[in-house]
């Protein structure tokens, strides 16, 4: 099965829940609405993608995103599946019943981004202490202990290439939003 | 002979003291440890009576085997070591009477003597004599006792199994 | 971000949460225990000596690696990757620079590619040696520890001659390598390989051929191959389940497709298979290094790179085969000097998540052996 | 002028002075105790240093090289002094009396076993007629001390270590005693001195009459059990550092720890001494009269020399094993004692008894040598046929 055929199948099956799609080499890149994400994962697993390489999150300021990287041990195709979720109420259905590997990945994603995984068997923080406040990898997370990046003025001096369309703007240093409650217990 | 007598009294006092700790101690592990000392004192008394084989067996079986199993059981039973055991219970009176009666009997026996308690002749080596006696004269009681022990062992295993 | 109700931790709290009674015993192993290989805490649920369940607690070494990564520029991140898996820093550097190069579409000079492979494979040997050493120590064999450290020391000497460092090398650069090998380095490396190949039977004599060792590891900590894939195990962990899966061969990167090497596979799925796989991998790595040294082309070691590295906007997930398995870097770039999102998929993190599965039904004394066989490095797990 | 005659002289002298006989008795007792204590301390320190050197050389290291100059010979002394000067720590939650008593019990048991060691002809503190039984009984007391230490420390790992130790000791004592019965049956005595004397002379003109030949199976069983009794690798489960941190002596430090350490090495020597006495012919060995010394003294000196040589060879083997082998698991350890060693020990006992009843002792020698040869051939065949696994999947 070529990546193109796979993409066709997915599009047929999931119709307009597939908002973006692209084939890049052996990799199929998909964006799917959260309500169809579990079914899509299930479909892809049955299509031979039995190996969940990575599950990560990203904060696009407007929305959060859960990213699944899938591959197969039998054929070279890969899938890069992105599921945008609402920032205020980030819930997506857990895929731990499809790949057990998702267990700790989803816990990490919850820990650092605050995405809730519906149906996760052990929904706890994993890297941070259990009483930590806030989700540190969100772009608006502020912490006075965080050392911001400084380029000593290099950014302005050098010519700036055109940003690709659709790409987000550079986030810049975190804006001092409403101060958070102290994190020290 | 005064030296031997002195040693005897010292060992006897030590044994009785250790036995008293076993009975009166509140901490069960300490009581078990005192029991070991008591057994060792007994073994030393056997040596004084020229019963060296008996002394060695006393240490090997009672100290090396039974008390260790006892300690093992105490430690396996969770938190029993931390609890203070009740020393006096409602059977204290009965056991007191039994102890006093036993003591009286022993004092009588050792002062006036009973025919049956006249010991065997002094032997240079007790072990060969014991061995021969156990396998000839007393072969049947020996076997009966071992069958009894075997039955006890099987019973213990059946009790210990969960199913 | 409202304050979440803190979830109670600790043995009694977990028992209450899971509704368990005192019928089963709970034992905490770690975080202060000599055999947990770092600050890892395992909560073991026991029925007598047998393990019913196990809950690993990690995070004691969390260093906000990904958050820091988002606040540093691409070059500045390289030294941080050293601290991920501090026993295989070369492999960590390799995975990271490869990801950024793939994002930028840079072609790295041939000589640099060969150098990278040589160093990464030497690093694999060093990492497996350290694993074998500590694994032996866990099982009570102290002598193998010193033997392995002797050879690892030689690898570190080679690394020191190249990079000036013994542990955290930071030697790979985006676009190539910073320095060529020193004058006599190639001969030294060849001499080491000759010596090393003769040492492998010694390890066998101390470990693999020893009946006591075999009794301890055979049939212990087995995991079903299907479950292994389901859990996303990688590296020696999945190859010990009879699955021939090695990214150097299945998804070739750098110049790995030019070398001849076997992928050791064992299908008993237990601790013994993991031992055998790693032991054979050391020999295979030595073979790769020999071939790479023989083929080492002349030429540049650095591609032409802009002064400020600014990959075009886009995202890439790039996976490499580190000594512990699939090391993935996921980078989202928005065209600025620092990554917009920087994520590490660390192999030991995923491998450790399958530990409860492997421990079920084992004896308490097996925990040390099984945990040792997973080959965890907490620096990489906690990031 | 042997040891015994010296004592007689002392008694005669004191009697001539009109002192009661208790005086020379006490003097002799004190001297003997002091000599044994001194020997234990020196020998244990030597063994510690020796083990460090052996382990180092097995592991391509040097071991202690600095303290005292020549190969760090004073390292153990320095360590001992350091341990003696350290603060005496008793954990707050510990049962103080038992905690303090435990090392004493362990050391006293180790010390008491030296009473019946036959060093040389006539050089034995007290040749009890139940000698070997006494030694086995006394060495079982060590476990009591270990349990006391483990329990009183009030530490989970200590208790676990103590319990494992108790289970191990109780299990391994059974095959150990059974294996010792073989030589006892052949010699017909339990006295250590007489056991050694029974091993004098030669079979077929060249083979020493050591019991290791007719009782090779018993010797191997004994040696295995002895390793377990000393908690040496591969049986060091009570103190497995990777599982139990350090087992029963986790909470001990300073002098009390030093006593445990000393007792461990003293015990190793006792175990080796029993093996030497029972199986390796004790003090027997080639000797010749030394010029200027009475015949008896020369024989005694050579006897002492051979006895110590045999003991230290056995101890060396124990150390060698420790630095080569991996640790067994608890259940494997118990299985090994009950399912392997015990049946072998019983079978050996039955065969020995049968042959003795038939009155053909030579048969035992032939059997034993045949077994040794078979095992040697099997090992050689395994070593030759071993596949060299390099670079093959």
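A, B, C and D are the chain letters, set down in written order, and residue numbers restart from 1 in every chain.
By definition in this document, a contact is a pair of C-beta atoms (placed from the backbone, for glycine too) under 8 Å apart; a residue touches a chain by one contact, two chains touch by 3 or more.
On a predicted model such as this, the values are computed, not experimentally measured, just so you know.
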Most remote chain, CA-based centroid, reference being chain A: B
Inter-chain centre distance, chain C versus chain D - centres from mean C-alpha coordinates, in Å: 45
Centroid distance [mean C-alpha coordinates] between chain B and chain A, Å: 74
Inter-centroid spacing, chain C versus chain B (mean Cα positions, whole Å): 61
Centre-to-centre distance between chain D and chain A (centres being mean Cα positions), rounded to whole Å: 66
Residue list for chain A, restricted to those that touch at least two other chains: none
Overall pattern in which the protein chains touch one another (line/ring/star/complete/other): line
Touching pairs - complete list by chain label: A-C, B-D, C-D
Residue numbers on chain D that touch chain C, as the complex places them: 55, 58-61, 233-234, 236-237, 240-243, 245, 323-332, 386, 388-393
Residues of chain D defined as touching chain B within the complex: 22, 25, 95, 97-98, 101, 128-130, 133-134, 136-138, 140-141, 143-144, 147-148, 151-152, 159, 162-163, 166-167, 169-170, 173, 177, 190
Touching residues on chain C, where the partner in the complex is chain D: 33-35, 49, 136-143, 145-147, 150, 197, 200-201, 204, 206-210, 212-213, 215-216, 262-265, 280, 283-284, 286-287, 363-366, 368
List of chain B residues in touch with chain D within their complex: 3, 27, 29-30, 33, 36, 40, 52-53, 56-57, 59-60, 63-65, 67-69, 71-72, 75-76, 81, 124-125, 127
Chain A-touching residues of chain C, taken from the complex the two chains share: 1, 3-4, 6-9, 58-59, 62, 64, 66-67, 70-73, 227, 229-232, 243, 245, 250-251, 307-308, 310, 312-314, 317, 319, 326, 328, 330, 332, 334-338, 340-341, 343, 345, 349-350, 352-354, 382-383
